[in-house]
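What follows is a single structure, written as structure tokens, with notes after it.
Read from first to last, the chains carry the letters A, B and C; within each, the first residue is number 1.
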């Protein structure tokens, strides 16, 4: 019954995409630049871990900034966020424009809270609210591939000039938004290159294209880091969200930063 | 008619008491029945009318952006009244002498939460001062006190903007666990954050403040949220909306949707009796000002479907009942008048032979019937008066379709109902008597003098 | 002795009948008053009966609610808060299906699932709130009158593949409208001529997206097979109908919101409910099993009908009272005029009870004639009203229907009995006093 184009959630979730790196990278520690694609047979699970690694999550934490532009019905909106991530927790705060300044999203694993100056307490965003309208973009950006999906390599394709493995991902449990994902990972660097997010019935709902123009220095080594994500709405041609990442750097964050009670000022 | 004829008529009435009492009872009861039905319908019609115009804030005249009534919900920005529209309309309304109250309103949907759970809301944003004036309107007081009055709490206008006053429909308040209102908490109480909604004390924590949070998509496509304090619980009037309706200051709702537009603008007239004329005037003025708007009267089915549908049905039913009642009364009077005339044919013959004209005879019988009707109407009126008091005192609660809190059965005939019923009864009495007397009055005197024959 | 009495009473009966026929002119107004009362009550009752029938038909048949509804416990009060918590699980459904297959009164059942989400058609995007249901069984329950429920296009079960039917107002929002130009197709009861009327959709296939039971996103792509009128404009702007299978596919669930049961004979409802309740209890399942009239779905109707019943009772009381006054009037006059006759009869040896009996019989015959006339009048007016084809709205949710009055046999018989009893009683009462007069006084009466 309720239609909520919660587009700005895109920003927050986009911010959180490096969460996809999650535990795998932390557990294995910073291992430097991704290895070249192993010789066949290629393990889908390993591919996912490798591609996640290319999207961040290091030691005590990581920070970056993002610019989110949404294009819908002929209008454009742009918001600039500062993002801090540690493990499965993330905090994103809008810095510009002035009308959005101070809007903050807190992600504690799968729980999401929204806060802005003037609110007496944070707003708990339910699973259903996350999925309505443009809020689906947020889920794309925060997808944790290796944790939440089982992968199977179904072939090889060239996407935007890059040779890729094509994987069919199936959700391990029902607690993720998209039951299935078609995911293209580059053969050369094991970077997530393109994703198609599928509904329960297997239809494409959203799609995303990634670019990795940034680099993240970890223990003296440079890792490629996502620089752009372009999310398209299959149901609304012409409607898309462009997320541009900048200044990723490792930064130690205290646990208390991600405590909900700290949101209330 | 001369005074002598009236006294003659009065004396004749006393001559056949039993029959006249029986006839009088029939007329009186019929009159009481007319009043009862009229009183009930009047109550329902007035309640529906006032609920539609004042309760739902439709006003006597409603102004939408062109095609806004149909399309606002899909494209609110495009099909709402913008700042310029509102300014022009406000200026026009302020300059119209027959406009008593006026103001813009914004409606919208979203999700309202208590920190753990979110459910859909249907919001109505209105200027608090306008809300106050509407609730203070005598029509609201008279006909929909249960809508006008709050179940709990005080009006939006009682609170400064900083509080973020919001009213919750009683059903919604229950769903959210926010049945206590702002005033029931200490002045310095803070909103309680419920970190674990599955904890045993979550419900208690939720109920320990009046804070609610609204989440919606702003008209610029961004997520928007604001919180407010549930300052009042109210009855939305309709079962269907009582678990989702909220009301709030217009500015606050505009802030949520990040707009300065309004869905529609309503005008309440001092004298709505020439609605068509007012409507035409408003339409012309706005078109001349270059606005693309649609102007609706409150009686338009698109704007007030519940009112028009219900009233149409009730009209059909009550018209039928009234026709039947009138027929039964006519036959009763005809019966009595015919019997009287037949019995007194000799007397009529005598009067004719003494020089009374046919007209005098007719006048005499009509006078008798008028007096009898007068007495019956007075008697019926007394019966109706006390009967209505008794019914109203019983406070019978019943549930007509769609009415959230049900209704108290009240029978309150208005002056116009009483006047109309009286006129109808008298007219029926006169015409029926004339009909009964007509043939006898025309008869030959000699035949009349022979008397009635069985 | 007994034989003699019987003969006297027979004689008095004949006398009473002759008196009524002879003096019909004097009693005309009374006959008309009683007849009009009869007509009034019969027509109103017939109108109410027709209205009740129409509304019942609307719920039972058109809305496919059958005779009995089965839901998860308290779903009718709480499902708006959490649809899935109060939905019928697969286990509950299996239990009910198993029970139905073995119950002798079961005829058919229809399952329903409430759904909501977004409709996308080209650039258009709007909310839908709809219903998935068993299409084949639903058409059977709707019967020949209501099975064709679309104003344009075809009903779901007529379309060869998965499809959706949408509300008229929703269709307007996504550029999907009827292009029918032919003769009127709406029949007297508000139903339609069963034919595929043309419509055009700018985007013939629409995508329906929703949040599944598990809060995942899902979407299905379906063609629009028809357009229907959901009645209330606010509902019509969002209304969709699709098959239960498609609805469950969209919501990725095997649950349902409601199950309706049609029995072979409606009168078996009580027994059926009792059996099903007992079986559910034995299986430790918490289900609400009730006639649709007791469900909140029908609250709207029931409230309206309750009010009308009050009207009818009040109306009948008044009409009957006025009728009695008329009879009293006539009988008092008749008795008064015939006091000498009473004296004469008494002097001939007839007893008081014979005379009271005669007048009572006159009252009876008078009312019988009046009721017969009333019956003729009722029949004529019922036919005339039907021929008028006057349309009216029987409430906010319905399209205009033709005003009609049912042939209410029970009302006619009851009315006749009541009026005859009251008229006889009134006549008896009026004649008692006169019959007590001293014979000489009665014979001298002027």
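In this section, contacts are C-beta pairs under 8 Å (C-beta built on N, C-alpha and C of every residue); 3 or more make two chains touch, one makes a residue touch a chain.
The shown structure was predicted, so the numbers you read here are calculated from the model rather than taken from an experiment.
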Identity of the chain that, by mean CA position, is farthest from chain C: A
Which two chains share the largest set of C-beta contact pairs: B-C
Intercentroid distance (Cα basis), chain C paired with chain A, Å: 59
Centroid distance [mean C-alpha coordinates] between chain B and chain A, Å: 57
Distance from the mean Cα position of chain C to that of chain B, given in whole angstrom: 27
In chain A, residues with contacts to at least two other chains: 1-3, 73, 128, 133
Set of chain C residues in contact with two or more other chains: 125-127
Chain B residues within the chain C interface of the complex: 18-19, 22-23, 25-26, 29-30, 32-33, 36-37, 70-71, 73-74, 119, 175, 239, 243, 302, 305-306, 308-310, 312-313, 316-317, 320-321, 324-325, 327-329, 331-332, 334-336, 338-339, 342-343, 398-403, 454
Complex interface listing, chain C residues touching chain A: 116, 118, 120, 123, 125-127, 129, 207, 209, 211-212, 214-221, 238, 249-250, 252
Footprint of chain C on chain A - complex, ascending: 1-3, 73, 127-128, 131-133, 136, 171, 174-179, 199-201, 203, 205, 235-236
In the complex, chain A residues that touch chain B: 1-9, 70, 72-73, 75, 77, 79, 99-100, 114, 116, 118-126, 128-129, 133-135, 260-261, 264
Residues of chain C defined as touching chain B within the complex: 22-23, 26, 28-30, 32-33, 36-37, 39-40, 43-44, 47, 80-81, 124-127, 169, 172-173, 232-233, 237, 299-301, 303-304, 306-308, 310-311, 314-315, 318-319, 321-323, 325-326, 328-330, 332-333, 337-338, 392-398, 403
